[in-house]
Structures are given as structure tokens and as C-alpha cells.
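For reference, chains read A, B, C and D in written order, and residue numbers begin at 1 within each chain.
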Amino acid sequence: MIKDITESVLEEWLDNVRPYAYDGQVANYIPALSRSNPEDLAVAIHYLDGDAVEAGETEVRFTLQSISKVISLALALMDNGESYVFDRVGMEPTGDPFHSIYRLEQVPSKPLNPMINAGALAVTNMIHGDTPDEKVGRLLSFIHDLTDDHSIGYNEEVATSEFESAFLNRSLLFYMKQHQIVTGSVEETLDAYTKQCAIEVNVCQLARIGALLANGGKDIHSGRRIIPKHLARICKTFMVTCGMYDASGSFAIKVGIPAKSGVSGSVLASLNEFGGIAVYGPSLDEKGNSVVGLRLLEILSNRYDLSIF
Amino acid sequence: MIKDITESVLEEWLDNVRPYAYDGQVANYIPALSRSNPEDLAVAIHYLDGDAVEAGETEVRFTLQSISKVISLALALMDNGESYVFDRVGMEPTGDPFHSIYRLEQVPSKPLNPMINAGALAVTNMIHGDTPDEKVGRLLSFIHDLTDDHSIGYNEEVATSEFESAFLNRSLLFYMKQHQIVTGSVEETLDAYTKQCAIEVNVCQLARIGALLANGGKDIHSGRRIIPKHLARICKTFMVTCGMYDASGSFAIKVGIPAKSGVSGSVLASLNEFGGIAVYGPSLDEKGNSVVGLRLLEILSNRYDLSIF
Amino acid sequence: MIKDITESVLEEWLDNVRPYAYDGQVANYIPALSRSNPEDLAVAIHYLDGDAVEAGETEVRFTLQSISKVISLALALMDNGESYVFDRVGMEPTGDPFHSIYRLEQVPSKPLNPMINAGALAVTNMIHGDTPDEKVGRLLSFIHDLTDDHSIGYNEEVATSEFESAFLNRSLLFYMKQHQIVTGSVEETLDAYTKQCAIEVNVCQLARIGALLANGGKDIHSGRRIIPKHLARICKTFMVTCGMYDASGSFAIKVGIPAKSGVSGSVLASLNEFGGIAVYGPSLDEKGNSVVGLRLLEILSNRYDLSIF
Amino acid sequence: MIKDITESVLEEWLDNVRPYAYDGQVANYIPALSRSNPEDLAVAIHYLDGDAVEAGETEVRFTLQSISKVISLALALMDNGESYVFDRVGMEPTGDPFHSIYRLEQVPSKPLNPMINAGALAVTNMIHGDTPDEKVGRLLSFIHDLTDDHSIGYNEEVATSEFESAFLNRSLLFYMKQHQIVTGSVEETLDAYTKQCAIEVNVCQLARIGALLANGGKDIHSGRRIIPKHLARICKTFMVTCGMYDASGSFAIKVGIPAKSGVSGSVLASLNEFGGIAVYGPSLDEKGNSVVGLRLLEILSNRYDLSIF
């Protein structure tokens, strides 16, 4: 097992990738995200033996955004079982952008996978809970278990801001409601979804989630099983086939580590027999992936030959 | 000018087309429509000289549904001018079904024309009025002017029923709100739109609207101008290129009369130098057009060589 | 009947629209077309009583290009009957560009109409004749009849040049061959099609074809029927719904005269109770329509209130 | 390392999956394939230490069909380098069927990946060689190296039959020729491609190719490097993201082993730290994958926990 990555190595890598932060742009569709500092870079590794190493602005908290799709999928699968979930959301990757709607018009009109927005909205709709707050409460409890950190909550300003401007997600939800893929109130599902996306973590907490997934769903420190192994595997599989928006294929070629990115500029990576990795760098490329996150994971994969392929 | 179509000729035609009523199906997506009697057939012609002839169940009132798109377009054009309207809604026909959304994903993301649902919703959004009731009130006043009949209102049961189940139209509206094609409240626009679709008329009132359009926008009896001539022409043009859903092209070939159909089973036709024609027969073909309406207009066109082409 | 358009009026209009020639670009995908002079403008009107008026560079000969689609459709309908033709090619307009292929992937996989390339290629495939030369020979004979001018032939340089570079049309043909819409040799059909597109006329000859169509298919001078009336009508209907590429809808709104354009910069228009109109001006807008042709027909339609709507 | 799968275990698995052969259908688009016997099942495993185990009708030879896409990709990458190849063919998975063309109409108009037909045709076009026979000769030499078996050739009947009926592939090639993705003669590229698809192997030879890929591109027995390690990895990555047509995503979830299928009913799988696996069973599901192959790999993966995720 590789374990020789020290903080000074991580610091050096951060220095190497820092210039790329200016090749991209911070997400600007809501004020809270647009205020992010493109120079706030951070990285953390959580090894399978419980050791952790970190570098950069590790105290910066950021919202999960699309990374939350992996976690809500795990919970929805635990709540409903595989067949219920995959009757409503497909398993196939797609070359379309995350916000795409036109595929829903094809038969059968279900979202191609749970990592595009339509699929993720349907997944959140399936999480057990009578109210948005109950759903989000259950998701937060789940994340508290995943991280052994009960302080994690969601950023209300971000959640409110996204809720107010989420016209496209409302469009996707109503489309799916028409086709009986989602049930109940669109506004309530969207409320839960925008709060889910606004859950705030730092790289250390995120790397620990990655380590738990790499450990087959068991917490590394307590040995407690949080996610059944086969469901943790499903999450990692989707991270490979559809985790990096419509750059998932090229990321698999160039990096080959299961990873999920979010428009806050964060990336969650999980590698069996290694552990969890989290990177933060809010400058995004045109696909919505963290420029620095991609570079850093590419360096790491190439240096230690970490591709799963 | 042709004027030799008598009531007994119309009755005979109705008898000829009656059997076709069983080739289609009454719209069943809301209870009020599904209760329509497929044998309730009616036809009316309003000549340019003011004479009118009618046959069948002419007292049956039906909701305008998509026929209202022509009328709301006229009002929106009068309210906003051509360039404002056509900056937001295109002029091109499409081979897509009326409910289609995927075209909106193409650049520029505006509805291809005002006769598909997306375009018609955007048109209703443009009608002046601070509230849905004000918009609908103005539209009803406009229809009162068009028909010289102030008794026309909307069917609340149909409006409410359509409003409650209009998930797809909400999806289209939110999609367009995301792309700044519509402004304001989606629910309010939908409220206005479903009331607009639920406006109730009989074939005689509808034929008079057709006659007014054929007369270049002037009321035949009073000579009063209700719609500017160039806007009446625009309406008739869209009736030809996109009036009969994705059967508009074949209808133009087979019949060649400007016409707009609605899923209540009604058809409004307008022919320069002839007058207005309205047909009612609630049994629909798979495109959503009245089976009997199509047959009857085909007979009429062929018998009197009425195609504009 | 309007007949007061003199040569000096036409000259004046040409002067008015001449500056617009520089708003577009001459087709440049083959050398022969790219050598066209954007200042070579010409217009001709052929009235229903046989009189004709013309202005500009009327001796310039140009290739029919897509205008030939109307003529080949008439011949294919006469050769095969309506039901055979429309079993293989649809009647619906489309908002897609003329070269589009993706619609063919939808069910049923037949071209939406005979004015887009896929549909026109299928139509040429249906023209009777054992060899490309026999098909083209029959089409030329037909055009000789339409114009009463046996000198019309095709431009071999243009035909050869288009044949050699027609990869997209080969793609469409093979796609349709896969789906049994076309039969026989793709190369032979393409040979016939590129020769058909390369048939050369001047505006006077073209205006006469327009007059014959306006006259219901009968030659104006001899009274001889060349095209059955209902088939001439079908041609004019397609000219309205799909004659001007994906600007057909806006052309119908703004001009309202049945017309078909070609990328050589020519437009054929046909108006019942008026006659035929032909315009030539090789500078094209981004849709592929003659900039000057559009302007001139718009002036003509507005000045004399010629819209059929 | 797992090595306890004996021939009797394999035989037992074949017996278990045999009934599923009747759930699918043998490919019937060419006579040679339609004559396959759905009961001819075979499986072979080639371990990384060089040992091999096999069961069923292992002497049956079948054509590679789409499995050849992985091998031609390796050769094209060795011939041209990564940047040349991926400038012309993308890296992204797609939810579309293998024969799909409409994506090419999107910008940029290059095939989404090398495993769909369009991408594979472009790859074959890039293989060095002045003639189809030179390309195919080089590909066969490469396969001789991969298998250490110089007897492997292609089935002329299958190649000829596919060549004659490959209208859709011609359509794709001409489309790409129009967009400068492929160069040279379409017929010659198709000739090379259909011969490539018609290369015949048995499961033992195929499993050895899988083992070489699992061994990072080095022959297991001689230690000779045949494919650079990073290119072998690229091949395995595409096998995961797009190897099983539009069922790649669900196969990754359910099985999680890099694999490529062909419509002959064969599957090539390659698993690092394990070896190569080949299955043959000509009965196909509606996606074009071997019913028995999928079942057998699912059993194997679940029994030995082989998913890479």
C-alpha cells in the first residue's frame, strides 16, 4: 500500500497546480459561489489505515453540490433497494451535459443515470421522509455517520439562493412528474435537493467519505458498516462512468480513479486499497470540473500509477 | 363567391362523415373532456356577406383548447408588436409533436412557433395584464369583440382540471423562464393559459371568428376593425404552416385551408373570399385532430376547389 | 389582375435591393458556384395571360440547385402516384436545416418532406428510368415541356464538381438505402441528382415554369396540360411549407407567396391568379436563400398585397 | 491471486447458463451469423501466470465483430499517437445505440468514442497501410503477436457478406468524410473494417488477448511487450465505459470487469491481477450482447468478488 505522500509533497503539488487556477472560472450563477476565492486550494488524503495527510486551505468549507449525488444515491438505495431505484433512474452514462432535458423525451422517459441533474432529482425524491426537512435531516445524519462528525450542516444562504433560481431543475422535475418518475410536490423535492447540494464540508471530512467508500462502506476507525458493500460499489461505479459530467470518459482515460466533482470546485475520489482523496479549488473548466482538482488527481494517478484500469 | 352550401348539404356531409367518429378517440386526459359524446357533430359556415349556415348539434359548447393559440397570438401581437413577440417565439414550422421540449435545448432556445405548446405559453405570458384574471379578462373581451357575443366565458371545471394536471406545461414554462423567454410567475401564466384553453364556444361563434379573420380582421356585420389586417394575415399563415399539430403539412396538401384544431375536437378554418368555417366532433386521431373535422373540411375543399394553393 | 409592373419598376426595385447583395455570400462549396458575380441580379415575371416583363442580367444562366426539387417531385408524382411517393417521403415541414440527417433516426425513418435533401434524393430515386441518364433525360424533356424551350441542359462542370464532393448526400442515401427508402445504386441516384441540380436556366425560363404552376399545370401559351392540377397544387403547397429551407415559416409570414430557392441564388415563385416570378442574385444569407431574392419578393408582395394568406 | 476455477467449475457454470441461450436471438443480418448454433457455448480463462482453463465448444471459431474495435484502437494508437487519434474520435461514453448517427450532427461532429461504429470506422481509417489489405495484414500480424498464433485469419464469406450490406456504415463513413474525420476511399475503409470484424478466433485465443491486456500489454509467456502499458490501459478503460454497447453502464454495475462484446456472441474480458476471460454464446439480447456471456461473467464476478469498483 502506498503511504509515502507527505504534507510537503502535497504542498509541492499544490504549488505546481496553483497557476492553472487562472485557466478557469469560479461558478457565478449564485452570489455565494461567485464569492469563492480561486486561490483557496486544498487537498486531503485519508488512508485506509486511518492516517490522513492534508495541505492548503483545509479549513475552508465548501458546499457539496453535485458530489452530494453520490451520497443521496447511497441513501436512496438503502431506503428503497436497487430495483425500485433503477426502475426510475437508468445506469447508462451519457455524453450530454448535466442539465440536459431532451433525453427524457426518448422512450422510456427516465433519466439515463443518477449523476445527471434529472437523475439526481429523482433520487432525492426517493429518499424516505415525509417533508423536505425530514429527508435532509436523514441525509445529514447519514453524512454524520460517514464522517463521524455531527457538526456538518447545510449553508442556508446557498440553499435559498439555488432554490430561488432553480428554474431548470423545476422544469426537469415537472417533466418527470408528468411521466410518473417523481411523485409529490416539486417544490418540496427541490427544497430538499437544494439543501442537499448546500451541505458544507471541508476536504478532510470529504476525504474520509472517500475512504469509507474505498473501505467497502465500513468506517475505517470504528469498523462500523455504514453502507452495504454492494451499494458502495455501485456508487464508485457511477463515479467512474458518470462522475465528472461530460468529461467522465476522458477523466477515466487520463486519471482512472473513481471521482465525483461539484461546481463548488470540489472533487471526491475513492480508491480501493488506497483510501479517500478530496481536492478543493473553485476555479472550473467549461465542463464544470475543478481545474486544479483535475490536475492534482492526474499528477497523483500518474506518479503512483493509481488508475484502476 | 361560393354560397350555395345549404343546411341540407351540410347535414348530408355530416351523415357521410359520422361513421369516422369511431375511428378516433375522445381526449381522456381530463374528466371533462372524456365525457364528450363522439356522436355530437356540428358544423357552421359564416360567409363574408354575413349569411351563415349550420348543421348538427350546434348548441353544444366546447372548449377552445389549442384553437385559443391563434386568438391569444393576435392579442399578444396587438399588445406588444411583431418584433417583441418574434424575438421570443419563432416563425418556423416543426415536425415535432405539440408537447415537445427537446428543441428548446437547441440554440437559440426559443420555441419554434406560437402554435406548439411552448410557444403558446410564451404568447400568453406576453398578453398585457397584471394578473391571470386580467389577462384572461382582456382575452375574453377580445373574443366578445370578435364574435359580438358577450356571453362567452370559460369552463371553470375544465380550467381547474387542466391546471392541476399540467405538469408538462409547467416544465416547458420553467425551461423558458430559465432562458428568459417568459417572465414572472409560472403558476400565474399557467393559470391564464388553462383558462384561455377552457374558453367555451359553439360552432356558430367560432365560424364568425373565422369569417372575421377571412375579412382581414374587420367584423363582417359592423365593419369595425378588430385586428389589424397584417396581424390577421400572420394568424392565418401560422394556421397553414403549423395549425394542425404535426399533421399540418399533410392537411395543407389534402385540404389547403388555413385551420387550427384543438383537442376538444374542434377546428376553426378561415378562407379569404369565402368566410369562416367551424367543425366540432370530439373524436380525435392520433395526432390530436378531430377525425370528423378533417374529413369534413377535406370534402368541402375538394367539392368546391377551395385550397389556397 | 395586377399587370402594371413595368420594366422600369423592376429596374427600380433591383436598384433598391442591390446594396443588400453585400450582406450575404456567394455559395463557395464548389468552384463553379463561387465564381458567381454577386452583382449579377435579374428578375422576370410571367403573367397568366402570357405577357412577360424582365429586368437586370436576364441572360445569365444559373443552375437550379434545390429549385429542381419541385420539378422532380412533380415528375416523380406523375411517374409513381401520390401514395407511392408519400409512403417513402413525408409531408411535414421541419425546422431543421436542409442537410440534416438526425431526423431519419426517428421512427418511421423516412424523410420528413421532399424539399430537404434526404427527401429530394428519395424523390429522384423514384423517377422512372433505368439509368441516371435516362432519368435526367426524362427530367430535361419534362422541363422542355414546362418552358417550351428545348435548349435547356445541365452544366457538366457543376454536376461533376457536386458529384465529387457530395459526401453528405451519399451519407443520406446510404442511410435511406439501409431503411429501404431508396433502392438501387447510390452512385447512380447521386449522379442523376447532381445533374438535376445542375440544370441551367435563366430567369425568363424559370418565371415561365412558375406561371405554368400558377395556371394549374397548363402551359399558358398552348393551353396544353403538362402537370395534373392536383399535382401542381401539391408542388405549390410544399413551396409554402418548406420551400425556403429553415426560413420557410418567416418567408410565409413576410411574403406569403409560394416559392422555392436554390443555393445558386435563384428563387422560383408561383402565384395563382398572377403568374410566375423568378429572381436571381447569387449572394446568400446564412440559411442559403438569395438575399436579393428575398428582399425583392418582399417588396413585390407588400406593394401589391400578394400574400395568399 | 484467484486460480481455483477448474474445468469442472466452468462446465457447471455453462450448464447453469445454458437455458438462457433461448432468451435471446442469434444475429441474423447476414447469413453466416444466422447459421450459428445457439447451443454452442464456450468459455476460457487465461491466468496471468500462463495457465489456462476452458470448457464447452472451445474449438468453435467465431468472428470478432465489435471486439475487434479494441484491438484496432490499440494499433491505431501505436501507429498515430494519442493526440492524433483523440483529435478525431472522442473519449466520452454515450447512451446511444452503436449504430447511431445523430450525435455526429452536434458540434464538434466527431464520434463520441471509438467503441460505437462511427468511432471504430474512424479508427480503422487511421491504421497505417496504403491499401485495405495492408491495413488488415498489419492488424492480423498484430493479432498474431497478441496470441502467438499465426494461423488466425479472417472469414471471407462473413467479410464479403457484411461489406455488401453495410449501408449504414457507409452512411457513417460518408458523413465523417464530409467533416474531414476520415480521409481516402470510403469503400476501402469499409473493406478493411469488414475484414477486421470478420477475423476468426476461438475462446482460448481470445482469452490470451485478455490476459495480455491484463498484463499491461506484455505477452505472459515470452514477457515481450506488444502494447505500451498506457495504451493497454486506455483500451481497458474504454471496455468499461463503452464496451457493452448501450448496456455498458449496467454491466459495470452488475459485473464490473472490463469487457467488450461482439454480435457474433463473444465477449472479451480482461482483469488486472487475474488474467483474460473469453466467452462465446451466439444468442444475443436486444442490446446485441451475448446473453450467456453476460450471465457467465456475472456469476464469475459475484462468486470471486472481481469487480474493479
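Just a few scattered comments:
In this section, contacts are C-beta pairs under 8 Å (C-beta built on N, C-alpha and C of every residue); 3 or more make two chains touch, one makes a residue touch a chain.
To keep track of the chains, here are their UniProt names: A, B, C, D = Glutaminase.
Keep in mind that what you see is a predicted model, and the values were worked out from it rather than measured.
The chains in contact with chain A and with chain B alike: there are none. In whole angstrom, the spacing between the mean C-alpha positions of chain B and chain D is 55. A straight line joining the Cα centres of chain A and chain D is 32 Å long. Residue positions of chain C in touch with at least two other chains are not found. Listed by chain label, the pairs that touch are A-B, A-D, B-C, C-D. Across the interface of their complex, chain C is touched by residues 90-95, 103, 112-113, 233-234, 236-238, 240-242, 246-250, 252-253, 256, 258, 272, 307-309 of chain B.
Partner chain D is touched in their complex by these residues of chain C: 100-102, 104-105, 167-168, 170-175, 177-178, 186.
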